[in-house]
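Comments concern the structure below.
Here the chain labels run A, B, C, D, E and F in written order, and each chain numbers its own residues starting at 1.
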């Protein structure tokens, strides 16, 4: 039995609200249950020096967590003077995930920076971030299209992410915080709308897992991603 | 004529929504027009070493701004490795403002940390932060009272803040971003519910101001603070 | 009765000695009683990148305190790896105060950096710094005038600063360290030679203050600034 | 055809030389072809504060690369003032991989720190590091056993790692630098001696991969890990 | 011919003024010609953790330079976020030099921190610092003696320092800035009052030097140190 | 009697193995007994901005120590966020030593960076580093000569270094760690192949030393350097 009473293959309630920022070219508030992430996509018509002059654009991401997004207050990274290894891992993952569906030539010599800031954390902040980041990115691209800043179709597909894990012996979809703490195996899947993999990160906290277990987790992920993709499509086209 | 069409002594629409965080002991979302700040108050039953053993509590504040709270994206302080001088000035101001209305003996050897994170910035982020911080603080104190963690009345009064300035020759109340950029004189007032001053910070960006002009700004501030105090009372008692 | 035996409206003995550095274009040693600050003004005929190409100059300030300027040794900021929030607040204040009396067009595309280093601290280090900084700045401007580096009158007025506070119930002028520690209300005033305000920073450490009390402090400040202005004039014209 | 002329399922020549440090309790030089990593395992009979008093030990890892391990000189992290996101990701991965095969209770309240320093980099530095780290760890544990510092069997299994990827359309085992730069899909597998997974990290640099492709990569990995496990066994028992 | 017109074996005018700080237990302003250093010695009756419980004291030193001590303004180390390699080298040298004449057992479990801050730099700042540091240290020790904080004779001898170099082919004593810039060989000597060496640091900027040249420099240094020792004795006993 | 059984004027076994890095333009592994340092010399055909446009090259050095080069693990400098004062002192010394034998005009507008990374430390890491650095530098220069990147003879002489000290009253050559810890006087000598001095750094840890003692140490150093120079010649010409 899951703490939330969900079925093993049942996602939390997912909502994506667009246009939550007056200023960003794309933005959304994404919720996976009680996890809430504010995502903005910022368009710049310039590039970092190492990327210039190749006719290609760039997409990058940053991730942060408000100090009291967590059960006990976490120290602010701006105060401690650096981003933690965990933060850097997550923001690198978000950036790679988005770049996997972007045609950099079509983007032109422009940069889009996606900021994912966690307002409340209840497990799955990186998967919610990626799922919302795609929506904010799509809106920023639409904003650019209107201004004729792009050269053709920038987005080749959608991208979304979900976590799965083995909780008390049962493979389950979309871990919340209580499950995440206890799960011995935990895997994050990033997939495109057409069902292919962009990233798989599976970790055995204590007990190594078998290939069979991994396959079960993959099946759960495919189900979850399909639902998230539907949600993204509905929101973006609206 | 103000860009927003407001009267010189007219505040922007102010809203304070309580209990916006599942985890913080006190929290609110405060808006001064398009400026929106998420405030949380976190209770810890321990103190920093330098404050221990005196029978007194401590209240401190931190301030941050999401990268795309502003018209163009601002670099994340966690990435640049330090808080700017401006950020430090503001969070020190918020902390002092709150401490001015707290009875540290009644708080007991506990610490409350108030985090003010600006989701959208349109001028007056520090005054909105202080005004909301009082509400989150009051809720955190109420939470402590219920658990008998306090010794008597912790809050001696309410505290709120507003900015005034001279915009195109006219003294106006509650500057928004467009006014703030252009105003030659700019003053922030922090006042208690009974109408006394906790902080005054007046700055002449270019033209020094006279005592008379300062007095006009004070009168506007008193009007604004009275309205904010009403709003705080209505919200806290609800 | 003040610890120093001064009258409530009596400043400490103030001295300003010019030309204390062989190398700086302008310099002075300023003392407010036992507080001693070494000030240098350095002229550069270049500007930071963000300021270039507008035909305007720039004036900025930095502040530091020697480790044993204080009663017990303070950690050196170069060792701790960053300037404290207090240091940043003070140097930003000094810079703003000077800029308020400078005609940036007349300065041309040049920068003056004023360094205020406290050799001994006995209260009022920021007000002594500002008062001395004007003198060093005036000497640096004179140095530029001789070399025809300016375009017209750079300094529109003089600027000086003093602190006032309520010490054991009595409003007093120019707080020394013993008074500063104990004062419940403390205000710094930065004013031009013609008696207008550049900055007011009033803080209630514990008891909020009334508008009437503020006005008494302002009157004291006006008296103190008038004396400082006289001293500056005498020194600069010599 | 691979640049090195290897078969798709052929690993580079792997060597592990033990006892290369006079001082470390365990150490080895591990080579995967031209990639060479110096690994040391250091035993401390104390723990970081957060881990004390639970009767459990701790294993952690750090990773570094000499500036000229790479084709062009890379800036020294000690000079730039921080470890890169990549470095942190890798050392976190090494630490997790080792902890997955350690019985922390048997280790007692002791800490083992494994340092992996890359002397020459030709692709696969993280997989070589993990593979060598197990050997150094085993030697450090043996050193502890001799001194009766452990409580029972510390190592539950061996652990090794290998990368696979899709190079010019063909799935290949153990990517070297030339292959790594060009491969569109790249996956690192960390597995125990009994063939279960500790970590999987698969990344599509440009073209998302299918479940079928992932399975092919897994098969290659299983073959490679089996060979590495043999090598580790031979070395450790010698 | 030296730029200053001095004879090859002639020191600059040296002055040491004691008791220049109201607060430090020992202090002096030391000048070697136009080089001026403010030195304070601060007594603490506690020790850093690594030194405790051995019945021994500690003496350490820090060095700094005001931004405009130099001909063109130097960036403030507190702003750049770290002490330069040069600064660290110098403060380590000062600390070692002082410790060479201190009986740590007689000092008891106390620490003396000597701060050397260069107000004006014209060559020889490290040698002036060491020479002045001994005087400030002696005063701090006297202060401790009066309060019976020491156990016997703390200072075993005096210590002073001077630089020598080969300027346009001629060995000269006590290089000033103009000589220092041009000298091909430059050596700093730290010696005790009884004429023995504490430190020798000789550097050939371009042309390596012979043993004979080194001996000539040593003779110059012995002459200079003897004069400095006289000066120190006269000042300390007054 | 020395711990190693060596004669007072006997160096440890010294070996220099060239071409230990596949990628660096010059490299060697240098051993002074159990001290082992990996040295690489990296050629860049560009210069840091401050050195450009003068027709002169630049040679610089960096120094590092692997965490377990020492008897107990030392904290990694990349983790602590900065290079220690000791590290900076050493790398500045290495750089100066190499520059003393380089004709910067002949080098042309190119930079060579020499990295000295200590794999095992048993005393004398800086002297071994300098001695090996010359060999790596010579190979890098030869590499440049082959590509006609130089303008004439770059190296004017060889350079090597050795330490001497007074161990239990006896002057000895080439201190190992056990001797270094105990020696009261310790001196490092950097000399050219023709027997002249580039650097002398003598330090009295406790007992100041006499001129006579220094001369004895110099004689030992001359003997040691002569042996090192022979070794370098044999290796470089091979």
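Keep this in mind: a residue touches a chain if its C-beta (ideal position, glycine included) is under 8 Å from a C-beta of that chain, and two chains touch if they have at least 3 such contacts.
Note that the structure is predicted; figures quoted are calculated from it, not measured.
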Identify which chain pair among A-B, A-D or E-F reproduces the interface of C-E, meaning that over half of its contact pairs, matched by residue number, are the same.
-> A-B
Farthest chain (mean CA position) relative to chain B | F
Name the chain whose C-alpha centroid is farthest from the C-alpha centroid of chain E.
-> A
Distance from the mean Cα position of chain C to that of chain B, given in whole angstrom = 28
Could you please state the distance in Å, as a whole number, between where the Cα atoms of chain D are centred and where those of chain F are centred?
-> 33
Distance in whole angstrom between the CA centres of chain B and chain D is 51
Each of the following residues of chain C touches two or more other chains, namely 82
Between the chains shown, work out who touches whom and classify the graph as line, ring, star, complete or other.
-> ring
Around the ring, chain E then chain F onward, we get E, F, D, A, B, C
Across the complex, what residues on chain A touch chain D?
-> 82, 85, 88-89, 91-92, 96, 100, 157, 187, 191-192, 194, 196-206, 208-211, 214, 218
Mind listing the chain E positions that touch chain C in their complex?
-> 21-24, 27, 34, 38, 40, 42, 44, 62, 64, 66-73, 76-79, 81-83, 87, 113, 115, 117, 119-120, 122
